[in-house]
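The following blocks contain the structures, represented as structure tokens.
Same chain, two partners: chain A is paired with chain B first, then with chain C.
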Partner chain A sequence: MTSEPSRPAATSGSLGEGKQDVTMRGSIAAPAGAHGPGGGSSLQRLVLFLSRMWAWLFLAVMVLFFVVAVPLSTGGSVNFLTIRNSQNILVAIVPVLLLGLGQTFVLIAAGIDLSVGWVMSLASVLSALALRDAFNSGAPLPVAVLAGLAAGLAGAGLVGFLNGWIIAKLKVPAFIVTLGTSFIVRGVAYLMSENSTVIGLPAGLGAYGNDALIYYISGPGGGVYFLHRPDVGGELLRRMEIILPYPVLATAFVLALTMFLLHKTQFGRHTYAIGGSMDASVRSGIPVDRHVIKVYMLSAATAGVAGFLSTLRFTAGSAVIGDSLLLSSIAAVIIGGVSMFGGAGTVIGTVIGALIIAVLTTGLVMLNVDAFWQFIVVGTVVIVAVLIDQSRDLIVGRQRRGAAQ
Partner chain B sequence: MRKSMLAALAAGVALAFASQPTLAADKLKIGFLPGVVDPFYQVMQLGVERAAKDLGAEVVTQVPPTWGVEAQTPLLDAMVARGDLNYIIIAPVDKDQMVGPLKTAADHGIKIITVDTYLGDGDYVKGPVKFPLSYIGSDNVEGGRIAARGLAKAIGGKGSVYINSTNPNVSSVEGRAVGFKEVMAKEYPDIKVIGPDFNLDDPNKAAQQTAAVLSREPNLAGVFGTNVFSAQGAGTAVVNAGLGGHIQVVAYDATQLAIELMNKGVVSLVLAQKPFDMGYLAVAFAAADAAGVTSLPPRVETGFAIIDKDNVKDPAIARFIYKVGK
Partner chain C sequence: MSDALLQVRNLRKSFGGLTAVDGVSLEVRRGEVVGLLGDNGAGKSTLIKCVSGVYQPDDGEIVFDGATVTFSTPMDARRHGIETIYQDLALANNLDVGANIFLGREIKKRWLGGLVHTLDDKGMERESRLTLESLQIRIPTLAEPIETLSGGQRQAVAIARAVYWEAKLMIMDEPTNNLGVPEQHKVLELIRTLRDRGVPVVLITHVLPDAFAVTDRVVVMHRGRKVAEKVTAETNTEELVQYMVGARDDDVAA
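Right after this comes the complex of A and B.
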């Protein structure tokens, strides 16, 4: 352990001790060389640029690969870039992206949150229970849905507060605290559910979780409809395209909120600062303990939204639904460029990371390749991401020294 | 420079496919989406592939890595998004939660055939869910009854028995527990039934849960494992506790491990379902429906082979053991 007791420890052993640099580095959208002293050869600058943009390039190459390969493998009868497929991919990234957005803040602050998967499950169970009870005692459906959202967020927020408090005040490493709370939350989720699912939810609920903003029916007799599923059948129903389902819109809203929070507010700047150097943050008067608690509450809150949306989509609460999502969310954040050392990363990067995972899975199914290959590819990409992140430090260091001479 | 090359490449590919007529437009294309990776569904896949070969159909198979709607739904969505499947053969992992996603698939013109598990209440004519073409699977309630009678006989009609099951709200294992409890309540009132516990289709959890019950239940005489992983886990726990042969185990699903345990005297009764039949018939039904047959039965009961130590060597019975590969 280092001699800085108040640091919310990240999982990696090398916390970059002695890193006093508080400037925000590694913004994926910024042009190369924006933060360096402007020195270094053009080759170095190209390498630096690639090391920041590689996730975008990888996504583009992957999409192109599937666009070409899918029709080839099916004799021209299946296409990859269709409206339906693009909406599928958007729906598929909702849970991973929501978990990843919260995790982005935590990782930038040099922490980690291993409890998000089970917090999502707990929120799913809590919102299902609250929804059902509210509806059965006579509340109209929209009110019951709001009650569900409130219950999910409240439960998640409580766990987030617990995480942040123990990490900040009791100085226990984040890895251990969130691991412990993940077990506790899991148990609570099971106990509160009825044998791991909560069913018997009101019938109209499916519309909230599955309806969309735009319905487009092509061809004769078709048209564009908004907000509610048009009541058609047969051939018209077959040609109907569902565009921008409500869970995707909710996720876009959360995405906009977190982008604003991270890049345009003091909250975001403090998050980068704490991740960059705990010592310097304390000395510059940032209320570090309170901020850490808020960051973990934010992470839990996004997981709460994810759990709530899952309850709406499947019209049931499930205590197991978040189990497999934790690692995917961390992978998405790391692929997106958040440094494991803290102090760097962007929200857009996490979106790219989540897209890479979802496009990969969907593409493999359309190629009729065993979907298990996605695990191998994602794992490889994560390792590559960390390698690039580590070597980026080397390149930046060399650039600075080169300019100083 | 690189951008215009990419644009040219994309344009070329697009042109190439625009000018080509859609090949194989008449070939039957079926999606197969079982519940999880296990020997039961692997044998079912053999049936599916054999029928596809015999009938000239093309099958797209994806197997979820774990049992759950969050694992099965993305695969289902991707299959629907392909746009070229006429039928999907699926073992829905939840009889209520999968109704929504499958109804969406049906709305897009894909016909659904459920195997092993059903949606709603399994009655696709008069029940709440009517859109699937057919439900092909065992009568799991009857299977539960058979298991109960077999276990009761093996333990001499008294004592306590423990049910270890997989997931709630899954029609197959739910039916087995229902049938089991029904027979115990009506015909063997001296037998106390504990459980079911849910291991969520993890044999390690099944072993842990069974071991816990073994140590706290003094009169435990028998265990009923309601599916592949439950039976394997429960049987393993009994062996590890050194109680093989003293506690009778009845296993649903004839995996090779269950048969091994039977040969060692740990398991007294194995109910083999017929997953090969389910897979083959499902494809055959799809082909029949595509050819215009309208009299397909909405429910097919595929039956059991009841295996005990007296007939396990009989080839007519042993052929129902779930063997994958040569």
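Right after this comes the complex of A and C.
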């Protein structure tokens, strides 16, 4: 920082004349130059850089590996980096990413939300029921779809509110509260769906969940089509690529929204502050209780969107759809570098984390590796991710948040 | 007397059967540094927490800036201009300097006719830099989380925050604790800077050299009572120690 001839602050109060310079550069507690420009050995900086960017690098290396390995193992008949496969990965990523986006906020605020899997299920069931009722009572399909979205979000939002309210006002640990509500929500979802699946939804619904922005048919007789599925069959249909299905676009929209919210707004800043220091947040006048409630509502809402989209995709509501996704979504968030201690993490990190899991899963399947190996690999990556984060703290000489005054 | 910014009159606070503060009166004038001395358990912290809104006194009166006040929360006291810097500083270590100075009171930019608000990080950093410069505080980078700063630098950020928000009275609880010697000097220097800017400081400490270095007056407490009030220049270490351990007692309370 350059010291200009001391300008008066924008605040009141005059400068004391001829004050001795209070220089605090020679810091004692912080190791010199761990962070600041110009300090530290180049090796240290390299290690630091790698530890910050490792998730990106890991993703890149993994893609590269599959690009080479998949054709090799199949004798060149299958390629990894194709339009079709990339779209498959994007579709697969949608629910995990949506759950993870909300969870990102919760973890940054030093909480955890174990209920999102079943909240997604509940939202799927509720939106299916509302959609079916609305359609059967004569509403046009788009209106019925909106009714489904509203019902899914409302149900999810209510659970989120309850989670947040109990955590913030009654001071019950988030782990316990969301564990409890996840069981409750599970029961409600099964009861409402009557036998785990809501069927009888309007036939045209599949288009909402599966149609895409772009269709591309390569070769003779092909072409590019926007917004409507070309009515083709046989060989042409086999060559048709479905690019950017609506659920992917909807997820991209939620992604942009959460990114904006976390990194550009006061809401995001307060989320970081609460996770970094609850005490400082309270004393700074942040309405902490209300904020915590909002964070859990947001988490439930992204799960609600995931449930709604799954209803569209499968033309049915399912009370079991979200169960298996909870842990994957948490894994994605952790791999993406969000701290379990709160206070640190990014939305883009969660995207990378979700991508890593999806690419890994898809790639291993294409290599004909037994599906159970996915779990072993993902689990290893989760632990390694946290180890790398911790070693970074060690390099920087930063106290772990729990130990920091 | 007319110059008093803060007057505490006959303040009393007990917890169950224990009387932590027993009829203490105290006065802080504009532009002075008052040391509040006493051993652990003397009642310094309880007294100060009554003034800063953490506790509500059982009896007595607080007059601030010419008006009798009652603070039901710390935020209440802050709104009146009383900033208390506790030892833990109440900073979010994962946020940068600007974010901390503006925490809870962020500068925002308005978009779409006020429909959307975004954080004005550049604006907050600019204001933070100006405030730090006006206090002659140098911090190499404002953009890093403050957990990378030293204890003294963090102390300085907490002080800068109070200054930016135009604190009328600053209460500092053992600010030199846990600091290395060079940083202790810098914090004391900052206290003098504050005084010269017209912000009186109440310095809670049991480090006598600190008290002699920066205070104009000292008040000594022992077992909940005020046992002495001295002009710093007219007393000495030995005398103050005797008051602190209860060997001398002016019983100037009430």
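As a working rule, the second predicted complex is superposed on the first by the 359 of 405 C-alpha atoms of A that agree within 3 Å, B and C clash if a C-alpha of one lies under 4 Å from a C-alpha of the other, contacts with A are read in each partner's own complex, and residues count from 1 in each chain.
Heads up, the rule we're going with is that a residue touches a chain if its C-beta (ideal position, glycine included) is under 8 Å from a C-beta of that chain, and two chains touch if they have at least 3 such contacts.
Just so we're clear, the structure is a prediction, and the values are computed from it rather than from any experiment.
Student: Looking at the overlay, what does A:I321 touch: chain B (first), chain C (second), both, or neither?
Tutor: In the superposition, A:I321 touches chain B alone.
Student: Examine A:S77 and indicate which partner it touches, taking first as chain B and second as chain C; both and neither are also allowed.
Tutor: Touch status of A:S77: first partner only.
Student: According to the stated criteria, A:G219 is in contact with first (chain B), second (chain C), both, or neither; which is it?
Tutor: In the superposed model, A:G219 contacts neither chain B nor chain C.
Student: Looking at A:G138, would you say it contacts chain B, chain C, both, or neither? Reply first, second, both or neither.
Tutor: Neither: A:G138 stays clear of chain B and chain C.
Student: What is the contact status of A:N210 with respect to chain B (first) and chain C (second): first, second, both, or neither?
Tutor: It touches chain B, and chain C stays clear.
Student: Same chain A residues contacting chain B and chain C, which ones?
Tutor: none
Student: Quick check: in the complex, which residue numbers of chain B touch chain A?
Tutor: Residues of chain B touching chain A: 6, 10, 13, 17, 20, 22-25, 60-63, 65-66, 68-71, 73-75, 77-84, 94, 96-97, 100, 104, 107-109, 167-169, 198, 200.
Student: Please give the residue numbers of chain A that touch chain C in the complex, ascending.
Tutor: 1, 3-4, 6-16, 19-30, 34-37, 264-266, 268-270, 272-273, 275-277, 279-281, 283-286, 343-344, 396, 398-399, 401, 404-405
Student: Okay, in this complex, where on chain A does chain B touch?
Tutor: Within the complex, chain A touches chain B at residues 64, 67-68, 71, 74-79, 82, 84-85, 88, 91-92, 95, 194-197, 199, 206, 210, 237-238, 240, 310, 313-316, 318, 320-321, 323-325, 361-362, 365-366, 368, 370-372.
Student: Where on chain C is chain A touching in the complex?
Tutor: 74-75, 78, 88-95, 99-100, 103-106, 108, 117-119, 127, 129-131, 133-142, 144, 147-153, 156, 163-164, 166, 179-180, 182-183, 186, 189-190, 192-193, 196-199
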